[in-house]
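Following this line, the structures themselves.
In the two complexes that follow, subunit A is the common piece, with subunit B as its partner first and subunit C second.
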Partner chain A sequence: MSANLSNIRHTHGLDVVKPLSITTLILVMMPLVLLPLASIFIFGTSSGLRSFWNALTAPEAVFALQLSIVTSFWATVFNVVFGLFAAYVLTKYNFWGRNALIVTISLPTAIPTAVAGFALLLLWGPYGILGRFLDPHGIHLMFTAAAIILANIFVTFPLAFGVIKPVFDTMNQSLEEASATMGATRWQTFWHVTLPSLRGAILSGALLTFARAVGEFGSTILVSGNLAGRTQTAPLYIFAKFNEGQVEAANAIAIVLALFSFLIFSVLFLARDWLEAE
Partner chain B sequence: MKDNIQTNQAAVSVEGVSKKFGAAVVLDDINFSVLEGETLVLLGASGSGKTTILRIIAGLETPDSGRVILHGKDVTELPARARGVGVIFQNYALFPKMTVEGNIGYGLRLRGRPKSDIAEIVNTLIELTHLEEHRRKHPSQLSGGQQQRVAIARALAYNPEVLLFDEPFGALDAQIRTRLRREIRALLREIKVPSIFITHDQEEALELGDRIAVLNQGRLEQIGTPYNVYNKPATEFVATFLGAANLLLGIVNENRFEAEDIFLKIEPDPKIRDGQSVKLVFRPEDVFLRRPENLTQNYQPLVDGIVEEVNFVGAFERVVVRLNISTRPPILVTRPKSETTVFPLEPGVKVPVGLVRFRILPNYTLASERAARVI
Partner chain C sequence: MKFKIGLIAVFFSAMVLIGCLPSAPGGGGGGERKITVYGFSIMKESLQKEIFPAFAAKWRAEHNGEEVKFESSFAGSETVTNQILQGVPADVGIFSIERDVDRLIQAGHVPNDWYVTPQKGIVNKTPFVIIVRKGNPQGIADFADLGKEGVKLIHPDPVSSGGAQWSILAIYGSELRKSEAETGKRDETRALNTLKAIWKNVIATPGSAREARTQFELGQGDALVTYELEALLMKDANAPIDVVVPKATIFSEHPVAIIDRNVTPDERPVVEAFRNFLWSDEAQKAFVKNHFRSVTNESFNDANPQFAKIEMPFTVEYFGGWKKAYPDVIEKVFRDQVQKK
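Coming up: the complex of A and B.
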């Protein structure tokens, strides 16, 4: 269809619209996206690879990267498993309040991340609605790695759910019925028939969640306490070092996070095609 | 409508099954049986309840009342997975991420059969359904007909109690339909597994069924061999749904059907008494527009008529004739080529109308509803 569309001729002779629109696209994208990204790499390597390596291997920097990866990993595991469960329940069963639940689950997309962090503080903080009951027992969720995971879960939950749910919606119900008539239990049907059809969506959901969680700033700065070497994630480290005037240190981590995103998105594109091919 | 086959000799029995969805009655006291190795076609328009019957037998739907018996065992309360029926879904429902072999072996893997057994059975079925070149392909790489064969092989793998076909030709174009119908008919004759087909296509029903059960709005109107259902329709619905039929209102009097100047001798029928309002039902191909020279057939003159329309429709000719009685009802007549060449007709010609075969059915609808009609 698209091939036919581009073959329609609107002009005689040279068509200037094509080169013009492509040039415009590149000229707009360059200063908006490509140049900022390029400048990270240009600046980060300008004073030599040695100083870049030193900045990167500073204990606090390594810790921040590790913390980001670990907290994002657990948030991803939770969101994929629970996103799958939520999508399954909300597709299979029709009940009163189902649509309200779908809206609620998707709500964090629209909530500013700082608001999300603040809300978590008000709930789980030492004087929070629930936190005040935990505090006397010595359970402190806020200003720990757990708080970062909670914030990541909150902010990124709609991502995995949003990718998995549409696949459930379009899945042919007779596949599951066929499996049942052939002798499968509900679990066997889910495992052998439903889940394989969701492989692509699960992988996309996981990678999107992870990419988003690794970069999360607004909510984590509020709930983590931003303590260097204890609760400081990579984005918080960048912010802190920049504020301290240590631009090189901030830049080294920025490069790692940027490369990380490139990697995730490459995997996302390649693996999805591969998983969806039959 | 009762089916007179005993439950104990049947492969499948549906006994007194009723089902409502909300206030709508979808099935009303359905009874029928399918014999070992027999193919039964459930024929009905959409909304007649045929899919619901199939789903109830498969265990995908629960009846409000009644029982489903498979080889003597009451399975009404069993879930679908414990019934061991094979369903061929309209869209085949092949598992997209499994190969042809994977699909066919799925039911056996679920039953925990040893790998060597599975491989052997899968091979046999692949040969039976001529899928040798496609064994490692995924469903999306197969044609509609090939997908259908995979669906059948997949259901056959675990020796199903019965095969249930849910409008299996619905998604295919006319030419392929006809070819696949014959292929499946031949396959079913070979494997001798009791089968139930559902369809809305009368031609399909006549060709595939050892017997046909005609459904109308959740009720079983008639069950019988294709010959009997077509030639001896029990109700007006069956007569008109299975092929075209002409209807003429009249009354019965001393073993005669009477309507104005029309008098036809009829067989005595204990269910019809003198003076009762009845319908004369006759098929377009059972009408003669001249007195046949060779009266080996049961010819009876009806009344004269005027030819109104003559249409050539390929293998035969379709003629509309208005009968010469006060309501001047139009009737539909089809004539074979052998007849049209020796006895051509054109509009306006007066012809004697006679019948070689007809049915008399009690007139349950209001007599004033229509004097006659062409379907």
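Coming up: the complex of A and C.
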């Protein structure tokens, strides 16, 4: 719509601005994003598709990918449900300390992920503030899949909330009021009026959280113990293989993760249009 | 409404599908024992390719077919030690430097009487050498040449890597040793100046010896000081490199320790059997095949024709052991006088 308008206003004869600006866009992206991504694909398949496939189907590689997906999944489930709840509470009720809570939820964005990792260790590790009381009972949170989920939750904490909260803020209050005057319970109003309008935000919040969690490295390497075939996630596997000098093996998994995020953001892109059209 | 039910159905089936933790590769089955090994970076190949399978076969034969499964993680020696100090479930640790075992003893993870064999806990050794690009374009013949103008050196970070500390001891000790041979006195000023000149040329400090090698292989730097084992592994892979053997250099010696607090009485027999297996002829020969040198029997080392002859070898004992070498050289010389500049 806006593109058509500008065409009407500025174009006399041949439009050079359009091809020029598109070329500029691609040229800028080339060295910054496109070429680095391309080099993963070139390197990962450089010694033939057969060794690429072997690298991909190595038992520890498959395990690492599965572990990443499962731990990211649970972190996403938690953070979307929590983000929804937090956005609801923080929009509906005004109370002392409300803004402080909003700021706190956003904090993990700017905290280095390594700090998130050792903060968890300092709390839940066998010598941590709380962990030292759990350890004698045989309860070990750190260096297990639970630790990876906790790290993922911490690191992606603000994402779903950040997408859902603005929708709450701009939501048409009168719809909910109408629902209430028609005798709906709080729960009915939430389920039939509030939630449907949040569909798009929930989906994009979930996909963003999931994508970010799958790629998480800095906190995971500290809390997981990095045991191949047990607590080694896909990013840790890539790092380990790279350090060992097995660059192709590292790249094979990197390709999977790159395609994976491409898929996620394609779904996000398509589903958004579709959900908004509803 | 149909749409919603469909969505919920998809959601829950997805939950069931991807919400379950994957089972460990090759896992499953009862009557199986598990040993968790944390090792310093360059131990990986010999352990995974030779030692783990050999021990599992031996145990299987001696214990009615009982399987032993290994889980392992590799990083710089200091990093591994820090992981163990924070509580990773390691049964056995194999370190680059004995100082790391001392740190674990101090924290109560390893008992004072941690070694049981005449080798004092050392499982294998290897000398420190210099790796340069094919043809040695900068004409590097000994450590001192690494301090020449324009040489770019990759050197692991002594904060996380045991190999980096060995390298510092190798360079510093090499100058002491040569000066002692020439004048009868250890020339500490000469050793310090050489180390300073070399450190000026360091362009990257990776976290472990293995990481340093990867960076070098990817084309960074002109030279790398590292374990002879790494140089020979690179030669095996036909990397375009030359190996420069210094006139005087250190033999690094790598200790193994059982992490007492993580080993239950039930697990102890298999864990101890594995540790003791490292000194068996079978394991020592496997180390030699993978370019580590044997510590139990010097004649095993004749089996590897690629081992370099070192003119003036020395060990950490030259500095009075790790308990003196770490504070005297790594801290007082390297950290205080070379790095803080």
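Note that the second predicted complex is superposed on the first by the 253 of 278 C-alpha atoms of A that agree within 3 Å, B and C clash if a C-alpha of one lies under 4 Å from a C-alpha of the other, contacts with A are read in each partner's own complex, and residues count from 1 in each chain.
What we mean here is this: a residue touches a chain if its C-beta (ideal position, glycine included) is under 8 Å from a C-beta of that chain, and two chains touch if they have at least 3 such contacts.
Quick caveat, the model's predicted, so the values are computed rather than measured.
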item	value
Partners on subunit A (subunit B, subunit C) - clash or fit	fit
Which superposed partner A:Glu60 touches (first subunit B, second subunit C, both, neither)	second
Partner chain in contact with A:Leu20 - subunit B first, subunit C second, else both or neither	neither
Subunit A as apex of subunit B and subunit C, Cα-centre angle in degrees (nearest 10)	160
More subunit A residues in contact - subunit B or subunit C	C
Partner chain in contact with A:Ser197 - subunit B first, subunit C second, else both or neither	first
Subunit B versus subunit C as contact partner of A:Phe73, first or second or both or neither	second
Partner chain in contact with A:Asn172 - subunit B first, subunit C second, else both or neither	first
First (subunit B), second (subunit C), both or neither touched by A:Gln188	first
Lowest inter-chain C-alpha distance for subunit C and subunit B in the superposed arrangement, angstrom	11
Residues of subunit A contacting subunit B in one complex and subunit C in the other	none
Interfacial residue positions of subunit C with respect to subunit A in the complex	15, 18-22, 24-27, 36, 41, 44, 71-75, 83, 86-89, 207-208, 210-211, 213-214, 217-218
Of all residues in subunit A, those that touch subunit C in their complex	59-60, 62-63, 66-67, 69-70, 73-74, 77, 121, 125-127, 131, 135, 140, 142-143, 145, 225-230, 232, 240, 242-245, 247
Subunit A-touching residues of subunit B, taken from the complex the two chains share	58-60, 79-87, 89-91, 93, 95-98, 106-107, 110-111, 138-141, 154-155, 158
Residues of subunit A touching subunit B in the complex	172, 174-175, 177-185, 188, 192-193, 196-197, 199, 278
